[in-house]
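A, B, C and D are the chain letters, set down in written order, and residue numbers restart from 1 in every chain.
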Amino acid sequence: MGALAQYAFTVHRIPVGVFGASGYAGRELCALINAHPQLELAYATANAQRGDRAWLGGREVTFVATDDAPIRDAELVFSALPHGASAEWIARARGEGVRAIDLSSDLRPGHTTQAIPYGLTEVAREQLRGAEVIANPGCYPTAILLSLMPLLSRGLVKPGSTIVVDAASGVTGAGNSPKPELLFGEVTENYRAYGVGNEHRHLPEMRALVDSFEPDADLLFTPHLLPVARGILATTTVQLTEEIDQPLALWHEHFAGERFIEISGDLPALRDVVRRNAVRITVRKAAGLRTPTLIVLSAIDNLVKGAAGQALQNANVALGLAEGLGLPL
Amino acid sequence: MGALAQYAFTVHRIPVGVFGASGYAGRELCALINAHPQLELAYATANAQRGDRAWLGGREVTFVATDDAPIRDAELVFSALPHGASAEWIARARGEGVRAIDLSSDLRPGHTTQAIPYGLTEVAREQLRGAEVIANPGCYPTAILLSLMPLLSRGLVKPGSTIVVDAASGVTGAGNSPKPELLFGEVTENYRAYGVGNEHRHLPEMRALVDSFEPDADLLFTPHLLPVARGILATTTVQLTEEIDQPLALWHEHFAGERFIEISGDLPALRDVVRRNAVRITVRKAAGLRTPTLIVLSAIDNLVKGAAGQALQNANVALGLAEGLGLPL
Amino acid sequence: MGALAQYAFTVHRIPVGVFGASGYAGRELCALINAHPQLELAYATANAQRGDRAWLGGREVTFVATDDAPIRDAELVFSALPHGASAEWIARARGEGVRAIDLSSDLRPGHTTQAIPYGLTEVAREQLRGAEVIANPGCYPTAILLSLMPLLSRGLVKPGSTIVVDAASGVTGAGNSPKPELLFGEVTENYRAYGVGNEHRHLPEMRALVDSFEPDADLLFTPHLLPVARGILATTTVQLTEEIDQPLALWHEHFAGERFIEISGDLPALRDVVRRNAVRITVRKAAGLRTPTLIVLSAIDNLVKGAAGQALQNANVALGLAEGLGLPL
Amino acid sequence: MGALAQYAFTVHRIPVGVFGASGYAGRELCALINAHPQLELAYATANAQRGDRAWLGGREVTFVATDDAPIRDAELVFSALPHGASAEWIARARGEGVRAIDLSSDLRPGHTTQAIPYGLTEVAREQLRGAEVIANPGCYPTAILLSLMPLLSRGLVKPGSTIVVDAASGVTGAGNSPKPELLFGEVTENYRAYGVGNEHRHLPEMRALVDSFEPDADLLFTPHLLPVARGILATTTVQLTEEIDQPLALWHEHFAGERFIEISGDLPALRDVVRRNAVRITVRKAAGLRTPTLIVLSAIDNLVKGAAGQALQNANVALGLAEGLGLPL
């Protein structure tokens, strides 16, 4: 029988803020911060919803206008403001001496010429320690790039080939502004591609990372809209320089010790990763082809590892906290 | 103001039967037959459900055991029996002088050495006229192969390349036998690939048709399970021998006059084709790649154009009826 | 073997128009009209979508502005305009000598003092023959009132009692204007009541009909929003003046010969009625209660029997056509 | 700026077991136990899945056969075995001196003549402290009974009246055994009642509690199946002995200080309670009725407050832990 120990003590929590807290990613961030053992939410901004209250992560949050945010009350601020509107607020926070993590695309490779650390945590961890500002990756790039690292980092992608990525996302990836095509009556029992032909905003950051390893490979990315609230599954076809006998072993080896990256022989499903800060990956050989080819499958929750969770993981690293603190698994 | 004409007259209907009528495809067939202006349902078999009644296409159908089917009461029989069980019943029907259309994979290219007409109607129409037996294509092959015909038939697929097909289907494609992984609680808010690595039963028939046009191209097919009841969307990436300036015009030209093939500049959605015997196709150029590449998108209802509808279309052709009779658009 | 008769002849179709054709009910109407053997669509109006084209019922429809509608080109016009905006256009059509069927609530009992025939077809059929204008019932009232007629018409509802109606509808009942609470991300995996406390717009027309039979009974109506596109299920609890031994027989008797009313011992499901002009009803005795009580369950498709289908049924009656023409079963 | 305190210490955890851990409620229990700060999972049994591993609450669980469970290794065991099979195992655990909480209906009022504490925590808290065995309430009764306590405990339900409960549940309430009617293809876009006429297994325990307060009131319960995975919404109509001016204030007063019962003026939605151990309740007056009548709406997650969460809440009380430990809000 286990003996029972009651415990009580005080923790000084680090105050953090959220700009643009009323969208899906912003709310997820507030919920994660409220449940984090060493952070506390100093403010959460939402212009249109200012004054509104929401129950997030077991606590009530009251939104304030972004202009009214007491920026310096936080040691670090996350921005989940829309693309285009975010960079300015990141600059303001930096001007006040507050660290910042930008969840928009404004500071990502391909969108700015500044050299901002790109927060794919498991790839860039060392650059993120103590960082003053971090560009948080897009949801699709998180799922896709992490899953390709074992190949990219070893030069196994066939030069001259095209990496073909077909990926599908739940509707929260499109935000919560009311648009006719996102109504339940339009999305239920439906499925479609969008941004076809290499037009998606996430392409430049993916190109940038692929180029840094294999400039002679191309990338073709086709996203799809799923009738689910959350989750991304990416199915990536890669032609190789040579046959790989035990591809799964390669992934296991590459990600050994990574708590949030789950390599498995089973095919990943959204169900495996929803509400978790995990990336679940498997890899299969394609039978019957002339060119050695792998199919890499990768699943994440677009709002957790694909947005708020990875942002918090990066905040933990930047602030010198244990990397996994407050992250759901 | 239109003048009103009442009309009434008698049509002699052609009796047809259905083996394996209790599954999703079998029920859809019965519904379409019941709504067809020149066919009538002579019998519908379902061993486990024998004696059960179902309301299909505006009429009540009573299932009989397959052994009790009065085979010769029909002029043509459709078999929606399971793969492996169907060929035997097709043979029996043929032995009784009854025409047969097999919706299982038993008689399709790659599954049999017999030379059975493969009922991709818009491709094989001339071979199907008056045919005694037809192998009805699989749902995925219907969506994929039709969408590729403008390229295959013109030799535009790059030799040595791999055609990469990622496709997703609603759950009715998996049948209505109760399996834990098909429970609502498991499928809702979920999405996953299956048969990854070129393992799907539909691969051989796709390979066969591709090989007949371009033996030097490979095919990689990865299917996924969608949380919807009906519909297939295929996203196919094809490397070309040369740039095509106006790909959409090529598709329009190739399918000119085809009533059930809808070429559009808009991206197809399941919503556009569900409960219709249509294939909706668009094509887009991939930007920024070294090799000229097209993305071809194709949507069908897996139970209509992907199964029962195409089977009925083939029956119309085989019986000398107008090809579109009784087919929903 | 059936002999085959080819047939061909010309039918003069009656031209009809649709005001407000871009909403869910308006589109359903256009689709049904396009598939109707003796009607043709003269015009379909939609101010915001004017010039847009839609594929409805197997034909393409081009929307015109309501102001531009050639009202007199139709012999009858349906209005699916919003509540409040519809009455004026019905009056204009009437002023031009065009028959009109109003799908809004503007002309229904409780919403106007005019004596307009209330188009619950199976109840009011005789008043509808040749009618110049008809108030088409709301979706909930259609499901609920029809299911209660066997009790109301026989005086079997206990005076002083409250008829308790809990009903649930798919989201198309709320229209296709983009509202945040109707986004897929908000409705999926969700369920909630609305208009609680007898506040729903459909209450007056239900009260009016109940009062006409049993003014001493009260009615309490609580609607709910289902995560489905289409369908209404109403669960109604009624206290009786006396035990009814065989309630199902009473319903069978009352609705004998009614093609669109399906009485069954089985519990109705949305699945049974979606895309059909049917009302499916069953009734069960409540066990273990002091007061004899029945639970009446009734299901319809809110867009078909609950809106466009019943409107067309009423148009058939008003125009002297066969009542069931063009109505899906 | 908050100062940061790192902390580390050892807690002796109380070992608990789970019988029947492979169903939805059993898995939820394992997940909650794995995330509980003062409990640890000693064993989890599942005969058919013995040897299978599952990732639950951030840890891997390996199922053992129920016969192989080291019963005494736990201080308390939860049984989520099927109705009928559970009582025997509860007795065995008791025979070994292990406390037990039964999630089946076997030990609930109306199902046994034994006087077992009925674990509606907020009602029976005092009887549950140190209890050796507890009958955990059904999911529907939890939602319904808690919401009615302010009326029942004050004698405000009108004698001779019938409390009419229409409730709807997600499919996890029906378990994860594969049945045809629970397939995704059958449940999506569908909705239906079941157990109509006061036939549901949960009725006796509800009757028992209502009778203990107001034996002269009847109860009519009609459950429905929703196309969602989780959640129950109960809509209850109650006739009163007298008008209540401020019903919401009455509920606020009754449940003051109850952490898991959330009284709100807003209408509850499944979304508000899913994955939380909360009951969310509101109440509205019915307008225009002769008899003073309230509509009480109550929402829970059927697997959390309706099963595993309340079981854990009861375990906390029985073991002398803080009642809210490890319960998600």
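Rule of thumb we're sticking to: contacts are C-beta pairs under 8 Å (C-beta built on N, C-alpha and C of every residue); 3 or more make two chains touch, one makes a residue touch a chain.
Note that the structure is a prediction, hence the values are computed from the model and not measured.
Asker: What are the mutual neighbours of chain C and chain D in this structure?
Answerer: A, B
Asker: Going by the touch criterion at the top, tell me which pair is linked by more C-beta contacts: B-D or A-B.
Answerer: A-B
Asker: At what distance in angstrom does the C-alpha mean of chain D lie from that of chain A?
Answerer: So the centre of chain A lies 35 Å away from the centre of chain D.
Asker: Could you put a whole-Å number on the gap between the CA centroids of chain B and chain D?
Answerer: About 47 Å, centre to centre.
Asker: Using the average of all C-alpha atoms in each chain as its centre, how far is it in Å between chain A and chain B?
Answerer: Computed value for the inter-centroid distance: 39 Å.
Asker: Among the residues of chain B, which ones contact at least 2 other chains?
Answerer: In chain B, residues 170, 186, 188-189, 227-229 touch at least two other chains, as defined above.
Asker: Please output the residues of chain C touching chain B within their complex, sorted ascending.
Answerer: 1-5, 7, 9-15, 38, 40, 55, 58, 75, 188-189, 272, 275, 321, 328-329
Asker: So in the complex, which bits of chain A are touching chain C?
Answerer: Those in contact with chain C are residues 24, 170-172, 176-180, 182-189, 227-229.
Asker: Which bits of chain C are touching chain D when the two form their complex?
Answerer: Residue list for chain C touching chain D: 160, 162, 164, 166, 168, 170, 186, 188-194, 196-199, 207, 218, 220, 222, 224, 226-231, 233, 235, 237, 239, 267-271, 274, 284-291, 293, 295, 297, 299.
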